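Going by the order they are written in, the chains are A, B, C and D; count residues from 1 in each one.
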């Protein structure tokens, strides 16, 4: 696929719609193994991102991502704000001055984003964080450029579900140690919505 | 009747038994129109009075009452402590050096006690306080010395029940104004137990 | 009942032990009483100040013992006035031969017990004067009834009288400023939840999930009205207006504000109340001279708050500003 | 949810307005942020101190802003670390050309956001150093995980570093005493009830009527164990022993004690806890140098408390004793 400015805007809008309707669910996940704010944080961050990018007129996809990054960084706080912020900032830098993005460029950008999260969060796969959704999805996209929307959704969903089985060693859930088992990681759930929304854009063949 | 040292001790012991078993009830009355401590206060005051007078050996009834007065005064606090304390102090003074007490002396003592409560509390009949039980009982006893135990109980009980109909203008219940209607005054209930216990001593013809 | 206590009948004793352990250099327990005094009391030639009342209102009253405020505070059982003998011991312990001044909240029990103590002390030749604080505008002011309750405004009376006494003023002078404070202070409270007296084990009353009670007392005594929870702005407005309807302020007048938490209302919410209180006062042209936000006169773990306004003149301002070493009111 | 608030999404803004209205002569809001600074900041040639974190822990952190403690505190949304841009503005506002020191509680969000702010400030040429407070012994100390949380002990770090900075010490010196404090401070908490984040509207977890949770965090994060409510003596014992098992004290050592209420636990109960804490320390021959009982690092209206011990040497004692004008920690 190919990602245009319009696609990137739709991506964030779709993600925001999902996040808004799952706000309470995300917060309830964070109630179980965190501090009850992930839904509130994400709803604030995505809504304000959409407000911001709906106003602007963009030539480059990277500028859309930069505005999302800055909004996440300055309106969310907590762990998830700067992590999503860093992800979108790295993605933006990687695809700078390009428009539209071809599959390779976009996936390289996502890979940079994933690495940004890992560095900022000092986290690796298996620690029950959003990394556990990002890494399988990036790996899948890296494999080939024929990947379908369904494959993305399934991979992200499975990865999210898989976090149930993990013991948290990073973030607030780590205080629950073994008791974190059996609960989905909130940040993995919000990341799932993000990739599910990407798949929706994908499905329409890059033409949302 | 005639009141001996032994009778006076039984009077307080009987009253204490009633108070202890009605402790929660008295507190619940105070929960409705006060601050939830009348049962606790009375249970503390009567128990410690009994402890005190059980230890002593008395020649004069007045000394029993004086010890009860000092205990009420120093162990209870709140409104009821000094009021009961004043009552027993006045009673003690009135019957000084007498033993046993004949009907007239005892009733005059109770009348002094009532006046002590009224002075200390600046309260009159009809203000929904313990005065509303003390005054009818003293009036009854003043009428003749043939009064029966049943009459005392009935008068005290009716007087207590009657406080339901009154609007409090003194003590903590006064803050409830009209809303105090429908509730028995806690101090009237503890006073009822006091006179009910007196009747019990009375019944046994002054020989408990 | 969920409480961090040992024996419910020993809460006052246990508290006092913990209090003395926390402030060993500034406070002492008067032997065989539940009264707390300044370590250095009696201060010679200074009027001694004694207050107190039922426990459960912490930091009142022991938290206000210290240089510049009280000389002693007498702690009764929870929500029960202390007994005359205890107050009497406190009076004797702080008598610096210049008389002793009692600050009493207007509850039947407190008034009777403190007055009896005063009589005992006077019989010993100690000069005793008193002031009765009745700042709660939720209660009608009537000479036929018990009258208004003393609530959070009492802390201002402690502060002002304490500052005056510290200056070496006479008993009459201390009484004069205390009475001036009482005349100028008004409070009003509200609650969202009841509280539980440890020895009772059950809440003192109940409020529905979306109900609040306006005008409640600090022992859970009835208020003016029970109604649906309103916004903080509306609550602040209702409490402040009720106070302002009861005492004349003209534009340019100055006031001290106290927003007092009753127990479990977070400080965040108290500041949210203060936001609106300060706006209202600004709208009316009343200058806020000083603001106190926190827990000053609580009601165990009741949720809710009270607003207190003290109208100030130059004298009250300087006494309010004077140094205080009391643990709960350092200035 | 029973709260005295207006819009649940505006609680932090409303609180800050009320806070500034209450302390107009000593505090100011840094424009367009939720950061509170000392009115006179930046203080020339003094190391600037910035702390902060999620809101809902009042009086932390704004209550510790003042001469002798912090220069600025940044307030995030409830239980959510503030964003890097806000912290960055605070750093700039307190930079007196002698560097800025950050005091960060050890939570992933706080650490990341404050570190990003430090990077932004360093890019402007401002020297920034930091300390990460991790006093909660309920959490295992491991370099493979997030590690221990920062809780009430953070207030001692504010106090000690603030006193040092006020003396005109260099950034390195401030960092040294801050790290010394972190090395010597340990805390442990317990809760009886959960709390409700205003925007969430529901309690963060639930505890049965006779259950308590030992080792809980100040955002309701899990503790060590859930069990039946014990007596205050047993609770004090468990918290204190857990701390003493984690750090060596020998007879004659001196400590500062903090008994911190989490929100709705009455001060009476905190003093009851302190009673036993002080007894245990006496039994072990540890001298209590100073005790702080009250609400210092809360968790909205959670019921419960924490105990903090800070092992002292001569330097820490003198810094702890130094003057502080911070509204919530006057010394």
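As a convention for this text, contacts are C-beta pairs under 8 Å (C-beta built on N, C-alpha and C of every residue); 3 or more make two chains touch, one makes a residue touch a chain.
Everything numeric in this text was worked out from a predicted model, so none of it was measured.
Touch-path distance (fewest steps) from subunit A to subunit B is 3. Look at where the CA atoms of subunit A average out and do the same for subunit C: the two points lie 54 Å apart.
With centres defined as mean CA coordinates, subunit D is found 32 Å away from subunit A.
One simple way to say how far apart two chains are is to compare their mean CA positions; for subunit C and subunit D this gives 29 Å.
Listed for subunit A are no residues, as none touches two or more other chains.
Taken as a graph of touching chains, this assembly is arranged as a line, each chain contacting the next along an open chain of partners.
Here the touching chains pair up as A-D, B-C, C-D.
By the touch criterion stated above, subunit C contacts subunit D in their complex at residues 2-6, 11, 14-19, 21-23, 55-56, 58-59, 63, 192-193, 209-210, 212, 229, 231-233, 235, 257, 259, 263-276, 278-279, 288, 291-293, 295, 298, 300-301, 303-305, 330. The part of subunit A that touches subunit D in the complex is made up of residues 27, 31, 33-37, 39-41, 44, 73-83, 120-121, 169-172, 174-177, 179.
Across the interface of their complex, subunit B is touched by residues 54, 76-86, 107-109, 112-113, 116, 138-140, 144-146, 149, 197, 199-200, 202, 204-205, 217, 219-222 of subunit C.
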